[in-house]
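In the two assemblies presented below, subunit A is common to both, partnered first by subunit B and then by subunit C.
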Partner chain A sequence: MEEEKTMGQSSDSISIKDMLPSATVVGLVFSIITFAIGLFVGYYEISSEPSGSFFSPSTLSGSVICLISLLGGVLAVWHFVKEVNPYIKLGQGAALGFLTGAVMVILTAVYSEIWNFIDPDYTDQLVEATIANVEAMEMPDAQKDAMIDSMASSVRQQNSFLSSILWGIPITGILNLLTGMVGVKIFAKKEDEETF
Partner chain B sequence: MLNRMNTPWVERKGFSHWGMSLLWLVFVFLTSQAVVLIVTVAVLYATGAVSTAEELITATQTRLDVLFIGNSVGQIFVMGLASLLIAGLHTGTETKLEFLRIKWHNDTVFYMVLGGILILVIQPTVMFLGYLNSFLPTPEFLEELHRSQYQMFEDYLSSDGVLLIGLFHIAVVPAFAEEVLFRGYVMRAFEKSAGIVAALIISSLIFSLFHLQLTNILPLATLGAVMGLVTWLSGSIWPAVVAHFVNNGSAVIMGTIWPDRAFAEITPELLPPIWILLSSIVLSGVLIKILYSKSNFQLKT
Partner chain C sequence: MSRFSNPILYFFVLCLLSFVLLASLGEMVWGAAAPGELHWTEKLFFDLCHQLPDRTYSVGETMMAVNTRCFGIFFGIAAGWVVLPLTGRYTAGTRWPVIFLIAAITLQIVDYLGNLTELWQNTNHSRAFLGALFGAALSVTVSDLFIIRKNSKS
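Then we have the complex of A and B:
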């Protein structure tokens, strides 16, 4: 039965439209996970005492979120191979990965906007917590001021809809594009035994 | 089997030509910055110019001669030679050199001469476009970046005896490397995917954005479009290489002889008179018409 289902399918017929369900499902799941982690860590930082350490919870959560979101491309290809077409090519996997990254970024930006309505003080409180953490660091005042300025604008930028989309889509998209290609190598069936 | 070998690798693997070229541009952008840094640090340490981390940080901001060496190495190896290799992924029956239009025709010299003249003739129009560009809203940090780039060029070109080496770093190397990347590789990849008109427009926009000078986007895109047009009409990148060299070379000479004027912000007082601007537009149009009418239709398609 499975053989019958895949018979006649070819990677040549795959279009962006075919990729959208996989990109949307995986993008939706990963955007919820990463947004929830970011929010949890954000509130943890707001409610905790400034540590004065370079490695604040939000710095670490940024790396964790980045690593988790990298799996999006691989899993989107896995979903596509399982549900749509097992014969996906390397370039099509790359496009699917990019699309998944883009969906993830857009949805996360939308959640962020919604959260700004639910808790309008969230961004300001996070900026204040970040500043308090830098102020607790042991370093010259001039360096501290420069760091406060850059970190405060970075936090605001992360929570701004347009800026997170403008920077997020290329960066997350390209990272997931690479993992999408990895996904093809792991999950896709070969139409023939062609080698490079 | 033979048919498959005639199909470009990007098509066999389900990539689009334009998508692959955008990916390559991202790679080139990041790698060339890394190469500049590695070469600069290596040269500074190897020549004994620095011995501590603090000296190194200061030297990366002051030793412009070394920074330019790093930049040229990055351009030659990443933009030029690596793009030559990556072009192999897009070729089927044609060779990499044919794909990049690195070839010579009987009329190439004619296009080289006219391309060089066209770039000189179009300069007043380009200046005017630079003035128009100043009315477009630009983020402050990009304006600052542009100012610091210009300041770096001004400081470098104001050093003693820098003309020849400046011509090499700013005119010769970019003329080859950037033409291979933008007119050779990117334009051709977009042409394969979307046709020549889209390829000309997109490659010239990418060319201008790649310079990270949003405050100069109109003049740079215009120059990119002119060089793209010359490449397409001649079927060879050599006329665009010459045009690029003439453009950058004249800027280096201007910057060395009249730095105050060359690096000044464009104001209405510094703009050429209206009759020169109009003559530039008309003459450029005439030259493009001549190039077009002389062009071989086979090459255009």
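Then we have the complex of A and C:
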């Protein structure tokens, strides 16, 4: 009881408003890291010769970005427990994880929009580099054409504000919802009984 | 004595995971996209999966929306979640689920790096299997949080 008074309120009174600072801080840090990695690899691909390989630097960075994105839920709960309330419940941790995933997706989309102002040619250059890489691959022309269309659409979607938010939030949110629960398991202090 | 807690959260997450798993099956379940268009399921997973055709399960002309490792992860999470009420009874108060999770993550990284540096070559099946192990570990790790031990009250 002593600790509750000093560290924060009971977990029953935790609201979405209380979670926003943790979701924002962690979402901000992680979105900057993932966006910076994506940008670095994007320019690397633009400036290098097409390899004709399926396994490009962007697929490598994609795996790294994926792993980093999943950590958001865990670290948001860690931040919340440390700064706001150590007695976060399982459902609240899940909600905080989802919120953090959503913040990451939204902020990454915002950075993309900002970068489109800074370097308006970036998306087109990346599409061209992607097409050049597919054209260098050894495969039948019909398959190549289909792949070029599909990959070009992928790159454009990633750099389209609304599209990346609408399609990005559900899965990133759900996976961070799970890792948010892992965060509760690792960092939260136990109350006598938990109910959703 | 123990009892299951948070049933609403459990079923809510079960619905979400079922949706993720079904969506990951892509064209195999949801039909092919128009030529030159991205399938809606591919758009859904675009941020988190590189979706390389040669690393994706396919049946005839249709492909999954995610690569084999991601499919394994989603399958493992969903399968682990389904049996969570059972596993939770054996994980409460023990450390092995977290050790299992750390081991599964380490295996993923080692397998990924080994393949990247050409120490060995992984296959679609091996990637799916290791992914499933990681996914199941994720669900098992939180399983004890859904179990309340009545004699733990003091």
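One rule holds for everything that comes next: the second predicted complex is superposed on the first by the 185 of 196 C-alpha atoms of A that agree within 3 Å, B and C clash if a C-alpha of one lies under 4 Å from a C-alpha of the other, contacts with A are read in each partner's own complex, and residues count from 1 in each chain.
Note that a contact is a pair of C-beta atoms (placed from the backbone, for glycine too) under 8 Å apart; a residue touches a chain by one contact, two chains touch by 3 or more.
Here the structure is a predicted model, which means the values were calculated and not measured.
Overlap between subunit B and subunit C is detected when the two structures are superposed via subunit A. By the touch criterion stated above, A:C66 is placed in contact with subunit C alone, subunit B being left untouched.
The partner that reaches more residues of subunit A, of the two candidates subunit B and subunit C, is C. Once the two complexes are laid over each other on the shared chain, residue contacts for A:S11 go to subunit B alone; subunit C is not touched. Contacts of A:A94 after superposition: both subunit B and subunit C are touched.
When the two complexes are overlaid on their common chain A, residue A:L177 makes contact with subunit B and with subunit C alike. By the touch criterion defined above, A:N116 lies against neither subunit B nor subunit C after alignment on the C-alpha atoms of chain A.
Of the two partner chains placed by the overlay, only subunit C lies in contact with A:S154; subunit B stays clear of it. When the two complexes are superposed via chain A, 9-17 is the only one of 9-17, 117-125 or 135-143 in subunit C with C-alpha atoms clashing against subunit B.
Common to the subunit B and subunit C contact sets on subunit A are residues 90-91, 94, 170, 174, 177, 194, 196.
The part of subunit B that touches subunit A in the complex is made up of residues 4, 9-10, 12-16, 19-20, 23, 26.
Only residues 54-55, 58-60, 62-63, 65-66, 69, 90-91, 94, 105, 146-147, 149-150, 153-154, 157-158, 163-164, 167-168, 170-172, 174-175, 177-179, 181-182, 184-186, 192-196 of subunit A touch subunit C when the two sit together in their complex. The touching residues of subunit A, when paired with subunit B in their complex, are 11, 14, 88-95, 170, 174, 177, 194, 196. Residues of subunit C that touch subunit A in their complex: 5-9, 13, 16-17, 20, 35-38, 42-55, 77, 98, 101, 112, 116, 138-139, 141-142, 144-146, 148, 153.
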